[in-house]
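The next block holds one structure in the form of structure tokens; read it before the comments.
A, B and C label the chains in the order they appear, each numbered from 1.
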Amino acid sequence: MPTILELRNVSKRFGGLRAVKDVSFAMSEGEIVFVIGPNGAGKTTVFNLISGFFHPEEGTILFRGQDITRVKPHASARMGVGRTFQIVKPLPSLTVLQNVMLGAFMHTGHLHQAEDDAAKILDFLQMSHIKNFLARGLPLAALKRLEIARALATKPKLILLDEVVSGLTTGEALALADLIKRLPEWGVSVVGGVEHVMQVVMKISDRVVVLDYGAKIAEGKPADVVKDPAVIEAYLGAKYKEMVH
Amino acid sequence: MPRFLTDFLQAGMDGLLTGALYALIGMGLALIFGVMRIVNFAHGAFLMVGMYVSWILFDKLQLNPYIGFLASGLFLFAFGWGVYKLLIQPIRDRSDFMQILMTTGIALILVDSIQLKFGADYHQTIIDLTNRPPFGFGPFTLNRAALMSFGIAGVFIVGLQQFVVRSRTGQALRAIAQNREVAPLMGINVTLIQGFSFALGIAMAGLAGGLLLPALYLFPSVGEDYTLKAFVIVVLGGMGSIEGAAIGGLVLGVTESLTSAYLGQQWALAVDFVLFLLVLSLKPSGIFGRQRA
Amino acid sequence: MSALRGWRIFALLGVTLAFAAVPLLVPNDYVLQVVFRIMLFAALGLAWNLVGGYAGQLSLGHVAFFGVGAYGMAMFHARHVPVWLAVFLAACVATGFAAVIGSVVFRLRGPYFTLSTIAFGEVLRLTATNLVSTGGAIGLSTPALFPPKAFWKMFYLSAVALAFVCFLVNAWTSRSRFGYYLMAIREDEETASAVGIDTANYKLRALMVSAFLTALGGALYGSAFQFIVPDSVLTVEISVQIAIITMLGGAGTLLGPVVGAVLLLSASELFKNKFQESHLLIYGILIVVVVLFLPEGIVGGLQSLLQRKAKPPANAAPAAGSAAPAQGGD
């Protein structure tokens, strides 16, 4: 399988703080990769770098062979990088269907075509029954799916799911995980990000990249990574600190 | 001293005298907008009310505006607090959009109520000090009324700055500015402090209004320009910085004075706005600013 | 909102014509002048609605385009350009101004955006006051767009026509990708760019269309009153008035600006005799009331009242675990 995404020695600073340090990894088309790490490890920053919301000081980001290091967010979306937000950002005064249509408009200027495309995606995400509700006031589980639906409607090649199951009950998370596992059917590769080494993630990801304090400390099959002493140390260290505070 | 240099210095000094009042106005808005994040489009209207308070005392009781301005400040403190409780507090967590509309509405009500009550006529406040010849030293002359305002304004500028830095209330105020979510956990009554800061900011506009009275013709929409000027000052000084606003006020005063001297007075206001647009688009943290939150 | 297709368009046209014809039965210049202002401000509100309503950018600088429309027409005509061509050229100049202004102000957010729009308007007013070519504070006389016979009738009808055009532009916007993109920008710019919307570009387009229509309104106004000064066609009060009309009626709705114009202008007309110069008092009070009690405006408030039925029930969450039967869950 050809490489869809590659990060080469990417670093990003905020003031004096290095949020992402010299991170490199690559993934193939059709893969599901999860970036994990304790709170503040730099996952969201990595997603913002890939989707063009931030630009790195050093390093290169390649998407399907093209350099997208300095591309703006909307341009990166048009090239095929879809994303969801950690803190869900629905457009509250629009309906669920209209929210998803916004994504579909990337490929059609016709209202009805956009409606049809959006409806198909809502069907896949099992949200058809709420498609005419306003996004305002939907429960979190529905909002998380809405984020995915909107991104999926842009027909991306790669979708970035930031903390996509956080805040959900185990049942909700598992149901969503099954849908994520089916995303490659839509021709989409997936980069997910989660804070905790959850069962859910272990089960659906082909590969896991572990970040700690902005640096990559491990990469590999989920089963191998959880046995890595550096990873255990990172999570235990974080836990220990939480206990102290 | 060559003529061009004395002209330049004269304009600069005149600018500093006006600038002290601008500093007072700007510091008031810095408290309200910079620190408390309330977008107050009625700042100039409150200033105008301060002028009318002082003028009424002068007109009815022959009270010298350099005493009357204290009454303007006190009145506007109370009035400002009332307006906060009644109209600002209910919407303080709504969008900027709503705050702008609300304070624009308040400004319209203030200006037109004053107009309804006192008419649209111009009033001039002539006191002994404005009639005396200007104070001269060397090749320079300074307007005595402006000099007087400068001195008084200076006292209040330093006083306000010290209050914010040293007093317990001032500390609470800065704590809220830094983190409104955490402040209540530290035992700070956010609503109380916010109302107080709003009232204090308005009172500063009131004091400045009283001090401006001898220098300006009085009419209901006299404050209009001062709303934008106040925002210009806060932006120049860097958001959220009380000291920055003081310096921003002086800079604006000098800029206006130099513009008047070299381009003509009619361009002074236009230069204010051009300066404002330039700072916003080129250096949004303000000329002397720290970062903008 | 339903589609504007087929018979609906004709129904709309019919209603508009009937509506427009009524005041013509009252051959009274005062009445015609009042309804002219109402229709003109309805048009201006609709033009503003693209930027302030759909795209959610609170511009208080639209008087810049209004003023350029009026001044541009007068200045082009003074250089022997035929009057209607002068109107068109003035609107084009205003559109160019919008491109320049927009490229500066749209880099700013929230109150800074609003303040900078005011500042642009004020810079134009002060420039017009100080330049010789614009007649300074004395102003310029404007060309008459219509002959003295049936003067106000014609101005009234052209204001109706402009309002109708603005309405169609709004109706098209509300049902098009363009409009959806503007609404996305209003609700959340980050989300908008995540679905591939070039937010700066779309805001600029909205402003340019809005500026063109606003300038046409300015030209009509300038010609109707035969003489313009900076304080009549470049005052920030006009910007405020346009915004408030739309907010009162309901920003981002189709009928809001029309409802707002009818209500506010007739109210201020009624109070004009009572309060004379202080008729803006009623504006101030209405703003405060709307912000406190009716933040979505009249039409907006009614719409959400109707939509409340469509609010999600408590169990709107997707059924957990139903995605894959193989999944055990817990």
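In the analysis below, a residue touches a chain if its C-beta (ideal position, glycine included) is under 8 Å from a C-beta of that chain, and two chains touch if they have at least 3 such contacts.
Quick caveat, the model's predicted, so the values are computed rather than measured.
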| item | value |
| --- | --- |
| Separation of chain C from chain B in steps, with touching chains one step apart | 1 |
| Chain separated most widely from chain C, comparing mean CA positions | A |
| Distance from the mean Cα position of chain C to that of chain B, given in whole angstrom | 32 |
| Between chain C and chain A, distance of the C-alpha-averaged centres to the nearest whole Å | 40 |
| Between chain A and chain B, centroid-to-centroid distance (C-alpha), Å | 48 |
| Chain C-facing residues of chain A, complex | 51, 53, 72-75, 77-78, 82-83, 85, 89-95, 98, 101-103, 105-106, 109, 111, 114, 125-127, 130, 132-134, 137-139, 141-142, 145, 150-151, 153-154, 169-172, 174-176, 178-179 |
| Residues of chain C that touch chain A when the two form their complex | 175-177, 180-181, 183-184, 187-188, 190-199, 307, 310-312, 316-324, 327, 329-330 |
| Complex contacts: residues of chain C adjacent to chain B | 56, 58, 60, 104, 107-108, 110-112, 114-116, 118-120, 122-123, 126-127, 129-130, 236, 240, 243-244, 247, 275, 277-281, 283-288, 290-292, 295 |
| Chain C-facing residues of chain B, complex | 33, 39, 87, 90-91, 94, 96-102, 104-113, 115-116, 120, 224, 228, 231, 235, 264, 266-267, 269-270, 273-274, 276-277, 280-281, 284 |
